[in-house]
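Down below are the structures I want you to see.
Same chain, two partners: chain A is paired with chain B first, then with chain C.
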Partner chain A sequence: MFLRMVIGAVTRQKRKLLMMAGAMALGISLATAMLNVMLDVGDKINQELKTYGANIMVTPRGASFLGDLYGIEEGAGVSNRYLAEDELPKIKTIFWAFNIVDFTPWLDARVSVNGSEAGVPILGAWFRKHLDLPTGESVDTGIINLRSWWDVRQGWLKDDDMSGIMVGGAYAATHGIHQGDALTLSVRHTSGGERTARVVVRSIFYSGDREDDGLLAPLALVQRLTGLEGKVRRVEVSALTTPENELARRAAQNPRTLSRQAWEVWYCTAYVSAIAFQIEEALTDARAKPVLQVAEAEGAILQKTQLLMLLLTCMSLACSALAISNLVTANVMERGTEIGLLKALGATDSQISLVILAEMLIATFLGGAFGYAAGLGLASVIGHSVFGSAVSAKGLVVPIVALLILLVTLGGSIPAIRMLLRLRPTDVLHGRGAS
Partner chain B sequence: MNILKLNDVSMVYGSVRALQNVSFAVRPGEWVAIMGASGSGKTTMMNIVGCMNKATHGSVVLDGENLSRLNAGDLTAIRRDKIGLIFQQFYLISYLTAVENVMIAQYYHSVVDEKEAMQALERVGLAPRAKHLPHQLSGGEQQRLCIARALINYPRLILADEPTGNLDKANQNTVMDIFHQLHREGSTIIVVTHSPEVAAHAQRVLSLEFGRLVKDAPTQRLCA
Partner chain C sequence: MLVALLAVVIGATVFLGMGAVYYDIPRQMGREFRSYGANLVLVSSGGNSVLSLDDAKRAIALLPADKLVGASPFRFETMYYNRQGVTVVGADFTAVKKTSPYWQIQGEWPQKDDEILIGTDIAEHTRLYAGSFVTLDIVPPKGRKISKELRISGVVRTGGAEDGFVIMPMSGLEGIMGVPGTANVVEISIAASGEELSRFIEVLQAESQGITPRLVKRIAASETTVLSRLQVLVYLVTGIVLFLTMICVGTTMMTVVMERRGEIGLKKAIGAGNKVIIAEFMGESTILAFAGWLLGIISGYFFAQIVSMSVFSRGVEMPFVLVLLALVASFVVTLLASLIPVSMSTDVEPALVLRGE
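What follows is the complex of A and B.
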């Protein structure tokens, strides 16, 4: 009988219930789009922010200690500790390997250019190094992605170009160096020997930073000049991370202070500190430190973006709840006689409320289903127009949307239900007064 | 033993005294008409006896239950279990068929039984119209459907408010025939009406004027 009543009411009031479904569809479409974008925006924004550089710096343990104490992080003679280049592919084998977007080793030195006395800084790095990983996968990584904002006039070097070099814009301007010029680089060693290399300027670059005052070469060339084959001074890692929270901050100070459960949560979440910790586990005598400015900026931008979307979701749902509330209240007012009759026949308030709620839930869930589908389309449009890629539909959104529909429907029906509870059969069946 | 007993019942709405010190009793199987002009207190009386309102003063005892001491939930239960309501405006649920309109009273009373609902419709001559919606029925048929709904739970008291008020002569006779049949079967009937013609069918007539019970007499005496 309950079903007959509900179905009868639904089919009889198609227009009103369609309006209710429409109000819910509007709210849910926006909520679905925002929730999907919100759950996906972390990766999207992270990927956008990856273009602004690394967020983890890996250094040899001793060198890192010097850096911590004196702020000295690079320069010849500062430390004689190095990381092993052949261990670096292990970075892509950690638990959060897929979150490691790019990384490159650096080796710095000072060279004499064309026999001059002044030591010119030279940096060796991977440009786009092809790595075959122990897992059987392969990856191309290097500064071409990590320094995507650099202005490189004549193109990047190749990693195997042992006779090519790039020259910083400021140094080239000062010394009148142009593309195609031949330079002789030499490094004098403490043992008394000297290593030289004859190279050609392939390109002039502008980093907007101190690299403009020096040279940039393939890592292998700098290793050969310095006699540090197979060694690197530091590694920059760019990783997709989750914004830091209290747990991550506590773990960053000392993961061992965490309880076992908290430790597992932290370790299995892509916090920058957790990824850094796992890199330390993978490399020998390495210290991986988050570059806090980058990590915190990423976290702040992400949190603000997500907050904005959450507010939009709440506002759209509040609008839906108001619209539904008005429609249901009007519906209950119109059906006052019917409700009064049911009460006169012995129906309790809860029984009548249940019928009204069931009608509303049918309408709002139908509207919600349409809204969900429309929301996925809207999310796709937002993804393409803002991030240039599709926003994937998140399974988690479905139960959230179902819960939101339920809450909005129940919340929106409160005024109507209160009115229904106040309604007395005598008010609508006979008129209150005497006759 | 009376099925209904009102003792010194008054009903006040603000400064309006709708009923004043009304006392009467109804025996089981009795057919009573409550008469009076507009504003005499008929509907107020029906609302009190029908457990839809509580008297502001006095006691109302229905089938051994003192209604004055019951809360709204208890009154709903009494109304559902002991009273069959018939309205002048019929008050049928427009999106349910005739048989479903009968079953709705079963649903809120106990268990839905479509066969029994069909028997109730047969009793008022509406079985062939069981699957029709209310708007597909004539006024007389709608009132007969309303009676079938009132009877379905075997109420101790049938309370009818102007049951023929919206009907033509032919349908009025049909409805009154049904009431006679119910009376013969032992039902207790209270009909609220302003029509002497309808009241004449009852065994006893109570007359209200300005909220006071001014006459309580057998029909023959009233007619005489």
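What follows is the complex of A and C.
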């Protein structure tokens, strides 16, 4: 009997229930899209923030930072310590290897160009180096990704190009150097020897920073010129990180002060300090330091964005839940006559409530299922048009959405049903009371 | 009727709330991005690397004050610690806190002229920490070598060049080295990106003397990229939420009107014309739309305020255009949503409607 009544009601009231299912589908598609985007926005924004460049700097232990802000003070505190180039692939084997997006070694030197006396700064780096890792994977990494803001008009160098260099915009302008010019670079060593290399200017670059006053070459070329084969001065690492919290700050000061449990939590979370610590473990005599300018700002922006999306999601969910439960109430209220009739025929209150609730739930869940599918579509539209990659569908969204439908339907229908049940059948049937 | 009103209120709330947040995001997020530090530096345009602070001040006055987050001058000098050269930076710490909020200090910021910060690399190397005293040898441009005892008030950690510097108050450095009112660079953090920033640079270049503005390309270019992505994200999300909410409100309104088919039939049966019925429903919808809009303004403002306060800790402005747009939207949605079912019902034979078919 119950089943027959429900089926009967669903088929007879097709139009009204369809409308409600439609509204539910809209609301749920909104919820699904917002929730999926919200849960994924952290990863996506994190990827975007990688355009700011490296957030971890690795230097040899004991060497103080070759620090010259804006090229004002040069050569302060340089000591002859280096990192070994062949150890660098190990960076991609640490616990958080998957979070290491890019890295590149740097080696700096001063060369004389075409026999001039003044030392011109030259930087050697990987451009897009192909590395085969001990784990069997392979990566391509280098400054082409890490310096995305550089303006390079004639293309970057190749790593195995031993006779090509790039020239900074400012240096090229003051010395009248153009693409295609041939230069002779030479480095005089303290031991008395001199190494020279004949190179061709492949392109001019504009960095907007002090690199504009110098030259840029493949790492191997600078190593050969300086006689520092297999050595690098520092390594820049760009990693995806979790915003820092109190624990991470304490660990950053000194990881050894943490309790065993806290230490494990810290080590197994992608804090920038934890990743830096793991890089130190992987390389011999290395010191890895988070570049706070990038790391801190990244954390701040990530948190703000996530919070913003979370609040927007909650607010819009609350509004659409209210709107839909409003509709459900309207739908139930309309059926005063039906309830009166049922009561007159001797149905108990619980029977009536069950029938109505069952109908409502069937309609809303059907609508919700459609809405979920549509919402996934919407989420991927957002993902593709904003970030150029799909927003992954999170399993967590399904129970949240199901709970939402249940709450909205029950919250919308129960008060209305209770109100209608309180009415006397005769009044309702006569057309008074309700609505 | 209450159901319909509630629907309109919700629609107007979402419209105004999301609209205000969307309108405000670029400004608010732009401020957040300033935690990356300076996006513009002023350097000397002359041959030597020293610029006059008065010139810099005149240049900064050309920038809009409400967009300027901070401007901090830096002066670089060399002093000697145990005959080893160290770079000593003169800085204005109140300005540094604004332009470079990422500096982490163990200890305290210097309060007096003879207090200094040392970089964490120096601290580790020399085993000197906050609270200890250090003697630096100084060779001023004029005069003989002097020694000065300074108190370390804190250790600064940035992961950048500052880790290897000694940093002291500008006034303290001026007292030792002489030549007050000069700096090597002035870092400026300004809440602008892309074209707006380039425009500021052009203005500075054209109208100021003695200084050259330089864009910190790394910060400025990246900010433009990321900020535009964020804007598109909020734009799309707002668009989708608005669209779906409007449809939702529309459906609710339609259901409410559909319910009144019996009433329409009855009116027709006693001789009302289609036009009269439609006009009556339109009148009701107008009142509904207007009342819903009024209530929606209040709750929409709270919606936006809550979001903005908890994310950016700043209040939100409700642009007047948006309020007017919300009125238009609530009228269009309400009128359309009642017009469709009413005109459908008026075509029906009254007898059939009244019988409930």
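FYI, the second predicted complex is superposed on the first by the 290 of 435 C-alpha atoms of A that agree within 3 Å, B and C clash if a C-alpha of one lies under 4 Å from a C-alpha of the other, contacts with A are read in each partner's own complex, and residues count from 1 in each chain.
The criterion applied here is as follows: contacts are C-beta pairs under 8 Å (C-beta built on N, C-alpha and C of every residue); 3 or more make two chains touch, one makes a residue touch a chain.
These figures come from a predicted structure and were not determined experimentally.
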Legend entry - Winner by number of chain A residues touched, once chain B and chain C are compared: C
Legend entry - Partner chain in contact with A:346 - chain B first, chain C second, else both or neither: first
Inset, instruction - Could you tell me if A:139 is touching chain B, chain C, both of them or neither one (first, second, both, neither)? - result: neither
Inset, instruction - Give one of first, second, both or neither to describe whether A:400 is in contact with chain B, with chain C, with both, or with none. - result: neither
Inset, instruction - With the two complexes superposed on chain A, say which partner A:354 touches: chain B (first), chain C (second), both, or neither. - result: neither
Legend entry - Touching partner for A:18 - first (chain B), second (chain C), both, neither: neither
Inset, instruction - Report for A:290: first if it touches chain B alone, second if chain C alone, otherwise both or neither. - result: second
Inset, instruction - Please indicate which partner A:265 is in contact with in the superposed arrangement: first for chain B, second for chain C, both, or neither. - result: neither
Legend entry - Touching both chain C and chain B, counted on chain A across the two superposed complexes: 435
Legend entry - Touching residues on chain C, where the partner in the complex is chain A: 3, 6-7, 10-11, 13-14, 17-18, 21, 25, 29, 32-33, 35-37, 41, 43, 49, 74, 76, 78, 85-87, 100-104, 106, 119, 121-122, 125, 157-165, 184-185, 214-222, 225-226, 229-230, 232-234, 236-237, 240-241, 244-245, 247-249, 251-252, 254-256, 258-259, 303, 306-307, 310-312
Legend entry - chain A - residues contacting chain B, complex: 1-2, 4-5, 8-9, 11-12, 337-338, 340-348, 351, 424-426, 429-435
Inset, instruction - Write out the stretch or stretches of chain A touching chain C in their complex. - result: 16, 19-20, 22-23, 26-27, 29-30, 33-34, 37, 41, 45, 48-49, 51-53, 57, 64-65, 67-70, 72-73, 76-77, 148-150, 206-209, 253, 289-297, 300-301, 304-305, 307-309, 311-312, 315-316, 319-320, 322-324, 326-327, 329-331, 333-334, 378, 381-382, 385-387, 435
Inset, instruction - Enumerate the contact residues on chain B facing chain A in the complex. - result: 11, 13, 16, 18-19, 38-44, 46-47, 50, 52-53, 73, 76-77, 79-81, 85, 87, 89, 91, 93-96, 100, 103-109, 112, 149, 161, 211
